[in-house]
């Protein structure tokens, strides 16, 4: 009974939210946090690519994107500003999951639709677009354990940026699987979602802990693989994220496992959701997007990874169940200077 | 001369060691209420150390300090001041970034961390006026004052703290005779009111004019204390330096007005600090620059050393006109001008670095000069009799006067064609002065052109061949030969009509 | 030079080396492998990235200045080199490293313009330059997204070995010795510390202090850029904010090495020790799977302890 | 008056630049000048302003405090534990938060004064410790601040943003009086010349400790006000505020070599910095170009301060800066 459930899949046990329809065209803003990060750049590009597609452009009167840095106060100010400026909807990647209650209240009063995504809020009062971070972690761990026939002695787990809800949930997801494997030693290192850092800490882990039966990793897994190569570590099953470079390596080295990505293109889904809500449709309060994933055997250049794009490029260019994924050209066609 | 039997301070067997150096060695010394007590000694004799101990800046390694007969431990200047022991330091105790007003209020008696009282200020202001510092704007940043102006502020600050014992450590070294006279008047009045005054100076005429008693120090030892006038100069100098010095100044060769010209300034000017200054430096000739503080004489030196942008007029060296854009330029072998600046602590030396490093800093990178070869500096170190523990000792550990010697050596080693000196003998003891004077004379005879900015008119009279007196950025008088007399110099500095000499 | 080194071999300089040895011994109680060649030579390699950058930082800090543009000079250099190598064109690939270094030098000059000519405090000017560089690389990546690849040379420099010794480490040592020679053979080192103590007096000694500042900052830029090239060769790619983890550790390494943050006093050798200490400390805390909270607490406490020992020694000596 | 302006040249420039930027910002804002817009603006400015104040007390005595952000993070996480309640408990909570700030400051001070380690280095290390503690208190963001109190502090009074009233209070009720005390003078004296200050009878260690204590207090206030704006605790906020607080004081004409500048300047600098950021909201600039432009404007704003050095005609004077 919610709008396009094949795309806006409801999270288990979530409620539905709808507002009464508004006349278009709409003023919409995307308030990003930190910008100096490939994933975020891709997210911004996807958002602009979405807004540029004719069918969407028609519905939009004004589309603003700002990046406020890692400062929740500044992000609150930005959102408040767009509310004050009478914007109809605001999507954002929350710098902090618990800092926006008052803003939500002010948005409600002003009749502005808020749609957080990627780093979402601990709230049930607005529609949130994300992949299930727990599931993202679980999926990687489960795949690795399946490939290992459910048994392993030692697993390496490369975590993301500490003190961050996204990282926490992904770890919880991985743990939910690994904890149930008895006799399993889990070695955790902190990779900060950063290829170079991952490479260093994994090198050290290999040098001190010796061999692992499998590896589960968040962003930066290219570093993890490099480190294993350098240490002459045998190829073992891996669950990794979706950067271009990681998929290249997986394919090249025939690493068994899965690349499941937190796809930057979800910035476009968030906008799609915003419009849907403004048009009066009902959406699940928590949307769990179908996680874009590729098993190593299905890796194909030009299809799910792109040899002539940077390794730091994030392959999550779309959610087929929602709309035709963006072509790299489409993303880049949006060169920064034609807004 | 009122000398009360009970001394305000009495030092008993006081010794101060700095590592190997013994700055003070078992000194017994006292200063009474109502007396002006001069302390004499060559550079590094321990005078400042003595004063710092009485002022609570440093603590003695051995020995006791008695205040009003009570043995006391003066742990900080704060404690000393609270007992009425106030020091006017050789290295000033003023805050560069604060205004004159704020400096005068800083740490004034009664003001703790709480509210400031304007009372001390009014006292200080009229003191300042009485020592000819009335023109100094209360709102001016201290750093923007000339050294002389700063010394005036320091004196007023010290006096305003209602001292029972006032310590003046070369308090007047940068002041000019006329200002010094005013300072003395104030000091005499204070001592007449029963205040004790401890007074360090290297200028004999000052001591003669002021002191009731005189104490002589040598190598950290208290040699003798006697009433002023008990001995004549040579005797006193003998006690100071342990040898006879017959004349302070070397014999002055008769003027050679037609000697070849080394350097010529033509219509030299800069902003409103300098107007149409023309000076000619001849071979073998020492040229003096005089005048009240801040009349522009230092500007001339700065201009010749490439420190002033957009100067007017020409600088002509050996007949060819030259541009000097920076000190590096000035140092170039084909120009070879050296400046020994006015403020040794901030401008002439890198106090944290060793004596060797400091001496080499100017020579480094000059082609044909073996900068790191000690032999290069040895002759000057010897001629000036630098008092040091080792060449690797930080310059900051040297006494004021010895620091000055390092600053001189550093530049003399380059054998500059033209030597610019800003008050080079400030804070230098008589013996060293004579050495410096001889050195300068010798250099002049060897063909170095010397421009000597001084605040001590004796140097114009006895050392310089000719002297330019500045007033308000201009040369108001060019004194030569017999016209160079104390009266003329003083008259000129105040820009009064002269009884001789040629108007510039 | 050997003489100059010898002079610098005082205990403050040796302290970080000693501390590093203690760290390794301590760590080996939990992980005997830490005494193995494999782990140790790996630390030499990883230390090299921080090390190269810290060499430049030392020179700037000796001046009494600081260079906060390290992160995005590093990132920019990585981006430039991988972009050129990524084209596959042999000529451009050959240019990858020189171009990156040139970029670093150029930014160094821009830093110096602000500091030496406009007299803006380096701490804020280099910070502003850093944020401009961030902006440019976001603009560039977002706008063009060129294929990036480290060249074979870059890989070799970062991960190769010569006679069993990591090339990165040898390169770092080469840089260190080169700079040390420059510092002690020429007047440059003298000028650095003289300016660090008293710039005015140095200028009045006929030293062209601005040129010294320009030289120092461009050397720092070069070092950061070289660090970027190495890191790109190591990760075999460039990515945004890859330089962020290097700013504070660099400063920490320099001061632990006994160089005064106020300028004047210090030297390269101490920094080498500081780099070893920081690298080993991070590595050990990481393999011990210490929680992030405790990692940073221990990190802070150890640094303070080191500095306390240092100042205590300083006051005795 | 011109005399007054000359004496406070640096502050005057800062305030002028601020007014200019604010005018530009308000003119680009679709909603224009209004209580809501001003409140939003003032709130985030005040956070950095308080951080800058903390930085000011380190810089004025010739130090740098790299732990400002860390202390904010720590106090913010503490607040998220003790300020969720009601009524009087909130007062206690606030007191606790500020006490923690002061404690951090005094720890820094002690290490500087007694262990004789350079402030910048001390705070580099303690920052790491404070963040660690903050992470223990809040491994991930969470906790709440009493919303009514938060609203009271972050909305407006009779149309005037509370944040601006607080700013005015800090200047009028704290800074101006402090400047007229021996302590106020002592801070500048120590920063300008410690030796001279000592010889003038200033209790250098005491004054320095007080200065660091005040720094900690303001970092705590910044953390507290950050808590009011975000109504939650987050250990990850440190990085931003530390470097920005330094940039802010410099923009406000405070000399990093110590002894020069004023709290008013520091606060103005913080407002400038945040306004530059706010300019992006409705600038219409391409999103990926904004970070660059922001950096550019920052650099320009800083360079303006330095530009007049080009007019100096006595080369020695550039060193006095």
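Lettered A, B, C and D in written order, each chain numbered from 1.
One rule holds for everything that comes next: contacts are C-beta pairs under 8 Å (C-beta built on N, C-alpha and C of every residue); 3 or more make two chains touch, one makes a residue touch a chain.
Just so you know, these numbers come straight off a predicted model, no measurement behind them.
J.: So, comparing C-alpha centroids, which chain is the farthest one from subunit C?
T.: Chain B.
J.: Contact counts by the stated rule: is the higher one at C-D or B-C?
T.: When the contacts at C-D and B-C are counted, C-D has more.
J.: Please compute the C-alpha centroid of subunit C, do the same for subunit D, then give the distance between them in whole Å.
T.: Computed value for the inter-centroid distance: 30 Å.
J.: Please work out the Cα centroid separation of subunit B and subunit D, and write it as a whole number of Å.
T.: The mean C-alpha positions of subunit B and subunit D differ by 44 Å.
J.: Counting only Cα atoms for the centres, state how far subunit A is from subunit B in Å.
T.: 73
J.: Pull out every residue in subunit A that's touching 2 or more other chains.
T.: 35-36, 41, 44-45, 162-163, 336-337
J.: Could you tell me which residues belong to subunit D and also touch two or more other chains?
T.: Only 135, 139, 255, 288-291, 315-316 qualify.
J.: Using the touch definition from the top, which residues of subunit B touch two or more other chains?
T.: 326, 347
J.: Which of line, ring, star, complete and other names the graph you get from chains that touch?
T.: other
J.: Write out all the pairs of touching chains, ordered by chain label.
T.: A-C, A-D, B-C, B-D, C-D
J.: So in the complex, the part of subunit D that touches subunit B is made up of which residues?
T.: Result: residues 3, 7, 180-183, 185-186, 188-189, 191-193, 195-203, 206-207, 210, 255, 259-260, 312-316, 320 of subunit D touch subunit B.
J.: Provide the residue numbers of subunit A that touch subunit C in the complex, in ascending order.
T.: Subunit A residues touching subunit C: 35-38, 41, 44-45, 162-163, 187-190, 192, 194-197, 199-201, 203-205, 207-210, 222-223, 226, 230, 245, 307-313, 328, 331-332, 335-337.
J.: Where on subunit C does subunit B make contact in their complex?
T.: Those in contact with subunit B are residues 187, 190-191, 193-194, 197-198, 200-208, 264-265.
J.: Which residues, counting only subunit C, touch subunit A once they are in their complex?
T.: 31, 33-34, 36, 38-39, 42, 46, 82, 86, 134, 137-139, 141-149, 159, 231, 234-242, 245, 283, 286-287, 289, 292
J.: Along subunit B, where are the residues that touch subunit D in the complex?
T.: Subunit B residues touching subunit D: 55, 57, 76-78, 81, 87, 89, 91-99, 102, 105-107, 111-116, 139, 143, 157, 270-271, 302, 306-310, 326, 347.
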